[in-house]
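Below, chain A partners chain B and then partners chain C, in two separate complexes.
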Partner chain A sequence: MSILEYNGAAIIAMSGKNCVGIACDKRLGAQAQTVSCDFRKVFQYNKTFVGLAGLATDVQTMSSLLKFRKSLYELREEREMSPKVLSNLLSNLLYEKRFGPYFIEPVVAGLDENNEPFLSGMDLIGAPVYTDDFVVTGTATANMYGMCETLYKKDMEPEELFETLSQALLASVDRDALSGWGATVHIVTKDGIITRELKARQD
Partner chain B sequence: MDSVFGVQFEGGVILAADQSNARSILMYQSNLDKITKLSSHSALAVSGPNADLVNFSELMAKNLDLYEISNNGLKLSTHGQANFCRGELATALRKGPYQVNCLLGGYDESTGSGSLYWFDYLAALAKVNYGCQGYASNFCLSIMDRDWKEGLTQDEAVAIVDKCIRELQVRFLISQPNFIIKVIDKDGVRTLKYGADPADN
Partner chain C sequence: MARRYDSSTTTFSPEGRLHQVEYAIEAINNAGTCIGILAKDGIVMASEKLVSSGLLAPSKSSEKTYKISQHVACNVAGLTADANILIDQARLRAGRYEYQYCEPIPVEQLVELVCNYKQAYTQYGGLRPFGVAFLFAGYDEHYGFQLYQSDPSGNYSGWKATVIGSNNQAGKSLLKNEYGVTSSSSEEKEEEKEGEMKVEVDGVEETSMPDIKGALRLAVKVLNKTMDATASSSEKMELYVMSLENGQVVHKILNKDEAQKVIDEVEAEASPAAAGAAAGDS
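After this line comes the complex of A and B, so read on.
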């Protein structure tokens, strides 16, 4: 089994009309065995969310490292870190470990200064991809790409975005043994962030 | 081959571990205490090779003691202790890893409740209501899944632990005749029972 599939994860980030959404599962496993059903994989940095899929230890290390670097930035710059900058920082942090990488494949979703959606994904050594529709990562990417491609529409309102994200994630993880066991969805709009827990199959 | 598990109850945590110290075909010792007291109200049950087991638990215990000494007796919360242990494991992972799988149980006066933390040798940390490390998980997790509920009393939690031990002794290939059980609650860390006295040398 690949080291990126040891703990299991499924994360989707999608853009809507002046809003972004990010959804993730909550399983922490050790290969076939499930250890916990409330393992956090999506972390908030002001109005930007970073979803970290991959080896759980590196997910936890990187989320702390990002928090540290974001705080340092805010102290020095006296302004908030925009999603583009955070994504770039993450990319740099990952490439620094090019020959001994962190085993994570992150996605970044947020609203920039003009409340325009920002999405990016990258591999474990920080090679970024910027899209305007959706990014997926985890152990069920094949499933998630299929679901997103089918269900996605441009310029969805927050409520419709929530429905789309939820259905895409739930259907994807139900066909993947290593992800699931609960799901969390965050919708970011200029007015605030709405977080909802989904009722999912506990298997 | 170690069996290490823990159960959280209302007002505390129970940690249990087998007492065998063995390698290959040899049983070096059958009264080893694998549950180390970290602070007045927390303990770490460790599974893994004896060298890493002893080194890691001693490193954690001494460093947490140092924290208290250096901060005018300020006690680190169980959450803080668990994150500290995870941090040390994570740093060591890419330098000289400790091959230890642990369960940290502690009681916090501020909340009046116990908490149990599971972390593996890769330093992935999860807060759980009950947990097992090693082969014990194959036998005991389903028992705990069935019997654990919110607001257990200490006796009910001990009953679950006893059930798990009996299951292991019946169905686990490796013979583990001795288990040590410790309770962490408002009165601190104390040994509830043991199969063989760890102090017997």
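After this line comes the complex of A and C, so read on.
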């Protein structure tokens, strides 16, 4: 049984028209046993969101590390970190531990300086992939890829993006034992960030 | 006599002095003045901007004031290059503490870490000390707003109001007379040891501490006295305020108009007295 599947997670990030959305489940488990139903896996860094799926201890460590590095960057450069830079930093941090890696597979979603959507995903040693439609990670990736491929359309408005993201995630986690127990969805637009909690099957 | 014992940091003189450290402190007396004043609801730091050339392109937001973390900022007097190293150290140490404990670093601990770093350059390695003095302004939930001064020796102390840089003696004497009128300097006790600090404050009551507006006016008044120029203008001074808003620490460098307003208020306070004196003379 893979170490990346020990705690369970499901995260999708999607792009829309001048907006991005990121949705994650809330389950924290120890293999079959569910331990918590409000475990945070998506972390906000100004207008960029990072979703971390994988071993929970590494999820929390990496989110703290990113917070530290982002603060240092903002103090030295006196400006905010763009999503692309954050993604590159994350990739570097992961590769530094190439032969003893963090067991996480992150996705990065945000709006850059021109309010254009940015999406990226990477493996546990930092190999990045940049897409313009959607990225998925976690224990239910097969389900999520299927749902996203079917439901996704280009240039969705924020409200439609929210609906699509929610339906894709909810349907995917229902067929996965290790993820679910509720969901959180963030939609980022140039005017602000809307966060909604979804009630889902509590099993 | 001192010539034989002053070229190495690692040698005491027969009088028990470290001359290199003292010379480093001298280097700061040529730097632009920095004033720090503790107020009831925040901290004010005012500094003199030494503009060496009109052709200079301003690269960062300030040459004197630096943010160390969300809750700590500092003012620099001395060699800017040396200061950059120490500021980077301070930022790293503050960040590492917060990474480890998920809590902002208590201000005194940060000051002590920076000072311990400076102290190492007065005892080992054959390297010269840093030619920088700092004013640290910070807020934590344990001790509220705090103001610290540190010098090249690695000594630090907490203050209600202090001055570093050129003409600091003139500035300090003015502050002694004007800050928190009911306090007397003899009641203020502070012991400075290498890397250690004890401050007992039983002189100034809460009510005699100025508020931020009062502290700003006092800072400008002191800066007017320490600066050589006869006319004060908002280009030559930088006014920084740290305050609390909704439980969050806010750092603000006053813009030209806001700074000019304070300068005008101080001038208005002074001019009735000047007009009275002129009338008295004639």
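Remarks
The rule we apply is simple: the second predicted complex is superposed on the first by the 203 of 203 C-alpha atoms of A that agree within 3 Å, B and C clash if a C-alpha of one lies under 4 Å from a C-alpha of the other, contacts with A are read in each partner's own complex, and residues count from 1 in each chain.
Going forward, a contact is a pair of C-beta atoms (placed from the backbone, for glycine too) under 8 Å apart; a residue touches a chain by one contact, two chains touch by 3 or more.
These numbers were taken from a predicted model, which means no experiment stands behind them.
For the composite obtained by superposing both complexes on chain A, the positions of chain B and chain C are free of clash and fit together.
Residue contacts after overlaying the shared chain place A:76 against chain C, while chain B stays out of touching range.
Within the superposed three-chain model, A:2 lies out of touch with both chain B and chain C [touch as defined at top]. After superposition on the shared chain, chain A has more residues touched by B, the comparison being chain B against chain C. In the superposition on chain A, A:114 contacts neither chain B nor chain C. In the overlay built on the shared chain, the residue A:35 is in contact with chain B alone; chain C does not reach it. For the overlaid pair of complexes, the smallest distance between C-alpha atoms of chain B and those of chain C rounds to 6 Å. Shared interface residues of chain A, touching chain B in one complex and chain C in the other, do not exist. Chain A makes touch with chain B in their complex at residues 6-7, 28, 30, 33, 35-36, 38-39, 55-57, 59-61, 100. Residue ranges on chain C touching chain A, taken from their complex, read 60-61, 67-70, 88, 91-92, 95-96, 98-99, 102. Per the touch definition, chain A reaches chain C in the complex via residues 64-65, 67-68, 71-72, 75-76, 78. On the side of chain B, the complex with chain A involves touching residues 86, 89-90, 93-94, 118, 120, 122-128, 131, 137, 141.
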